[in-house]
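Sending over a structure as structure tokens; questions will come in a sec.
Chains: A, B, C, D, E and F, in written order; residue numbering restarts at 1 for each.
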Amino acid sequence: MPVVEAHLLEGYTPEEKSRLTTALTDAIRLVVPTSDEAVTVMIHEMAPENYARGGKSRAPAPALPDPKQIALDFLAAMEKGDLATAEAMLAPGFRMTFPGKALMATIDDLIEWAKDRYRFVKKTVTCTEAFHKDGAAVVFVSGTLSGEWPDGAPFEGIRFIDRFEIKGGKLVSQDVWNDIAEERSK
Amino acid sequence: MPVVEAHLLEGYTPEEKSRLTTALTDAIRLVVPTSDEAVTVMIHEMAPENYARGGKSRAPAPALPDPKQIALDFLAAMEKGDLATAEAMLAPGFRMTFPGKALMATIDDLIEWAKDRYRFVKKTVTCTEAFHKDGAAVVFVSGTLSGEWPDGAPFEGIRFIDRFEIKGGKLVSQDVWNDIAEERSK
Amino acid sequence: MPVVEAHLLEGYTPEEKSRLTTALTDAIRLVVPTSDEAVTVMIHEMAPENYARGGKSRAPAPALPDPKQIALDFLAAMEKGDLATAEAMLAPGFRMTFPGKALMATIDDLIEWAKDRYRFVKKTVTCTEAFHKDGAAVVFVSGTLSGEWPDGAPFEGIRFIDRFEIKGGKLVSQDVWNDIAEERSK
Amino acid sequence: MPVVEAHLLEGYTPEEKSRLTTALTDAIRLVVPTSDEAVTVMIHEMAPENYARGGKSRAPAPALPDPKQIALDFLAAMEKGDLATAEAMLAPGFRMTFPGKALMATIDDLIEWAKDRYRFVKKTVTCTEAFHKDGAAVVFVSGTLSGEWPDGAPFEGIRFIDRFEIKGGKLVSQDVWNDIAEERSK
Amino acid sequence: MPVVEAHLLEGYTPEEKSRLTTALTDAIRLVVPTSDEAVTVMIHEMAPENYARGGKSRAPAPALPDPKQIALDFLAAMEKGDLATAEAMLAPGFRMTFPGKALMATIDDLIEWAKDRYRFVKKTVTCTEAFHKDGAAVVFVSGTLSGEWPDGAPFEGIRFIDRFEIKGGKLVSQDVWNDIAEERSK
Amino acid sequence: MPVVEAHLLEGYTPEEKSRLTTALTDAIRLVVPTSDEAVTVMIHEMAPENYARGGKSRAPAPALPDPKQIALDFLAAMEKGDLATAEAMLAPGFRMTFPGKALMATIDDLIEWAKDRYRFVKKTVTCTEAFHKDGAAVVFVSGTLSGEWPDGAPFEGIRFIDRFEIKGGKLVSQDVWNDIAEERSK
């Protein structure tokens, strides 16, 4: 039954407002036992001049980009080997953690580390999930890996999950878990 | 600057309302570029008689339990070997996916599968994250594993992440990724 | 989908608030094409000190009595011949209009008029409807009449409808239509 | 003193919103003892994208037509003998009840029944009232009849009241009471 | 922390709404101990057709002019000797009170009274404050006077404060205090 | 017609809320041309746990004391010669400005300055006005002075106005204008 009203400065697109109403509906359902159908969300938009905090109007800021899309775009750039694009998506202080190799700081580190592991790898994404926590967007991307081992033998269907933190539209961290070693050890 | 108002039937505890205001704040921040400080959330509670949908009042339902706690309690019960408690937390149709072993349906399956892998394992949890999506709570628990290999040699600091889906307070699924094979292959 | 919020001074009973949420739901549905299920009504109650018009608080007043009940009570008093009770329910200036006899002002007039028509009459009420309009509650009561003709022959199943106007809990007018003459003319 | 806020999808005309604010004011006054002047109604309109139930936007639907006008249009078509127009206004399952003749289902039935009663009849409407109840609009039309008896003698000033139920803009039922037999029996 | 929502008919300018949000922020801070930063004000504007009191829409009226500006304009007109403009700003029944001379009713009175006091006087305004009280705007203008005494000697830095009452954009009263006599008595 | 809603943490007294509704009504009337009667103010109170900014609840703070009363209490203490009470009401950095004597910082300064001016003085207050501006309450107290000149001759009816600034319940400044010199120079 909950009814949620969100008062915003005007200027968001329908897609951005749709992301917002979904996020607010999910927030309610994390605590209140109710069906989706029973959660009503209303967004009230205001002209900047109709809002004041501390007696002063605020300029509206563009919505944050969809963090799921940022994570997927980064993975796509990496898969294509478009390292310039991938690196442009990283925040200062970015760090990566991959199985067996904690805390790489650059994509070059990653390439160096990966070269003994596989010739190439492709991701088939089956699930992308995002939420906000402690000042950052958190995105989980999971699915399966396919590619070729260093000896050229193909592999596929190896489970993976990546966790990204994103602030201000830039990637702050990437943590990766997968079953590559499990598969290799068979 | 957003202001969020949530209208609820009365009866939630301060802790439950705190979880709700946090979730609503996070929902806003997923889309609207603003500081935490600038997000105001107000909960308006109503007596059941003051609310009607379709001309009828609704009885308030108890809040959903914190899904993070459910996941942590399940992991603790498993670690203690308290299988009765752990099994009581499973929804019908529960399924588990562990590295190299998809789709186990019972805890007995898990124990059978695990017995060649390690004598015992303990989890040090460093991060627990929960959100709601598509009708279920999703919880991610990550951290490191320690324990003994089948030969009695100790191990520690092995990364893991578990993803749980929880509906109506019961576990629907558990997906596990970790670096055990990575470590063994060294 | 409409959501209706009504801000009231506190002090209404659950039954009174139920009448109000029903009336508000019906008001919406007179204009907005929607199912009952989709109309949410919330009543926000305030202590008198939390409300001011013109800078002054207002004392809450008791809810108006249910006008349907007033009409039914009047009809019951008339049927029992409890004329004192019936007359006490009339506002100054009350007027009645019955078939073939416009504008009687007192219950004595009615009794005089009725005595050639039937020995007694009872009402079986099948429908009572009330709404507010132009400063008065309007109540329609309809159903069938049974009783005895002046010659003692019984009758039953004769349709009737009464329209009442009620102000301040007192009856202002009663207009009556029925099929008695139709039946007699057979 | 009550303040009513109605949140609607945008798209209603000023006339439709005027009907709505009147209906909401009347709803309040059915229960709360207050002057018309003291009832404030505010309609907040939203773009469809600013509203979500169950996480989904809803398309706005056109307002329901004024049920009073539907009833009056039907009576006018009948009076003109424009049976095609009148029949097009009927919902499937429509039924009529006239004095002494319950439950006619078609306008042809009505004409057959009426032909021994009068040559023609005209309605002078003095009061039209509408409200919503149990999923249907209810309209009462009352006033006086004039016309000619089968022998050509004129009559006038005969009281009548019609009760209509209207769903989805179509007439579901018509119940008629009048003093024709009363008058004939004089 | 307070959040203030003001529902208005649409049609106010950004400058007028800025005056309003400031006044509402100040109203809160007169009673609630909070920083300016923590007071959020939202103005919700409505088309006239979306608002009804007593079931009737209201036409929006232009905002009241800024009373500070009215007071300053009046003082400027007086200083320039533009008496026609100054007199046009007075409400019927206007009265002035100056040091030692209560209750002058016309500007001619003032000029007559002032002529023995100084050749001319100019105001340097350092503070203008306005608020609303008991149906009138109250404006205080304070600062220092400079000019020439009747003997041609210059003066400056003499404190003054004027209190104006303004209704419907017209000056109802002016009360003046200053240190001219204090200065002359030195 | 404006409707104002103020959302506050609960805990204010009826008197404090009355001051607040009056201040909000006055704030509206400074800009919107409307009668007092047409301004509706509603205060919605919340338990601390129902409010969060930045995801955190806030503890309610006691209302600010009425600044008019503070100013009047200070004047009464001065008039009685209760200097301890008066001094306890001063904020650090307090400054006074009296006719012909700018910027005294202590009450002793004032007494020294005043001793050649009058034996004693009493204030008859006819108007006390308060509002909030730029982080401080501003209070104007005006009326007439009576007392005895240094030579023992009595005086009365001499106009005065005091302007106080008050922060956190303490006096920050006092500015005084009056007609004493005007009167003496007669």
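Just so we're on the same page, a residue touches a chain if its C-beta (ideal position, glycine included) is under 8 Å from a C-beta of that chain, and two chains touch if they have at least 3 such contacts.
Bear in mind the structure is a predicted one, so any value in this text is a computation, not a measurement.
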Request  = Chains touching subunit B and subunit F alike, please list them.
outcome  = C, E
Ask   = If you average the Cα atoms per chain, which one ends up farthest from subunit A?
value = C
Message = Suppose you list every residue number at the subunit A-subunit D interface; are over half of them used by both chains (same) or under half (different)?
response = different
Task = Give the rotation angle, in degrees and rounded to the nearest 5, that superposes the C-alpha atoms of subunit D onto those of its identical copy subunit E.
result = 120
Query = So, what's the distance in Å between the C-alpha centres of subunit F and subunit C?
reply = 56
Key: Centre distance in Å when subunit C and subunit D are each reduced to the mean of their C-alpha atoms   = 19
Between subunit F and subunit D, distance of the C-alpha-averaged centres to the nearest whole Å = 62
Message = Quick check on subunit D: which residues sit in contact with 2+ other chains?
response = 1, 3, 7, 26, 36, 38, 40, 42, 44, 51, 53
Query = Which two-chain combinations qualify as touching?
reply = A-B, A-C, A-D, A-E, B-C, B-E, B-F, C-D, C-F, D-E, D-F, E-F
Task = Mind listing the subunit A positions that touch subunit D in their complex?
result = 14, 17-18, 21-22, 25-26, 35-45
Footprint of subunit B on subunit E - complex, ascending = 1, 3, 40, 42
Query = Once bound in the complex, which stretches of subunit C touch subunit F?
reply = 7, 44, 46, 49-55, 57
Message = Applying the document's contact rule, which stretches of subunit E touch subunit F when the two form their complex?
response = 1-9, 12, 16, 19-20, 23-24, 26-34, 36, 38, 51, 53, 58, 61-64, 67, 97, 99-100, 129-133, 135, 137-138, 140, 142, 159-161, 163, 168, 175, 177-186
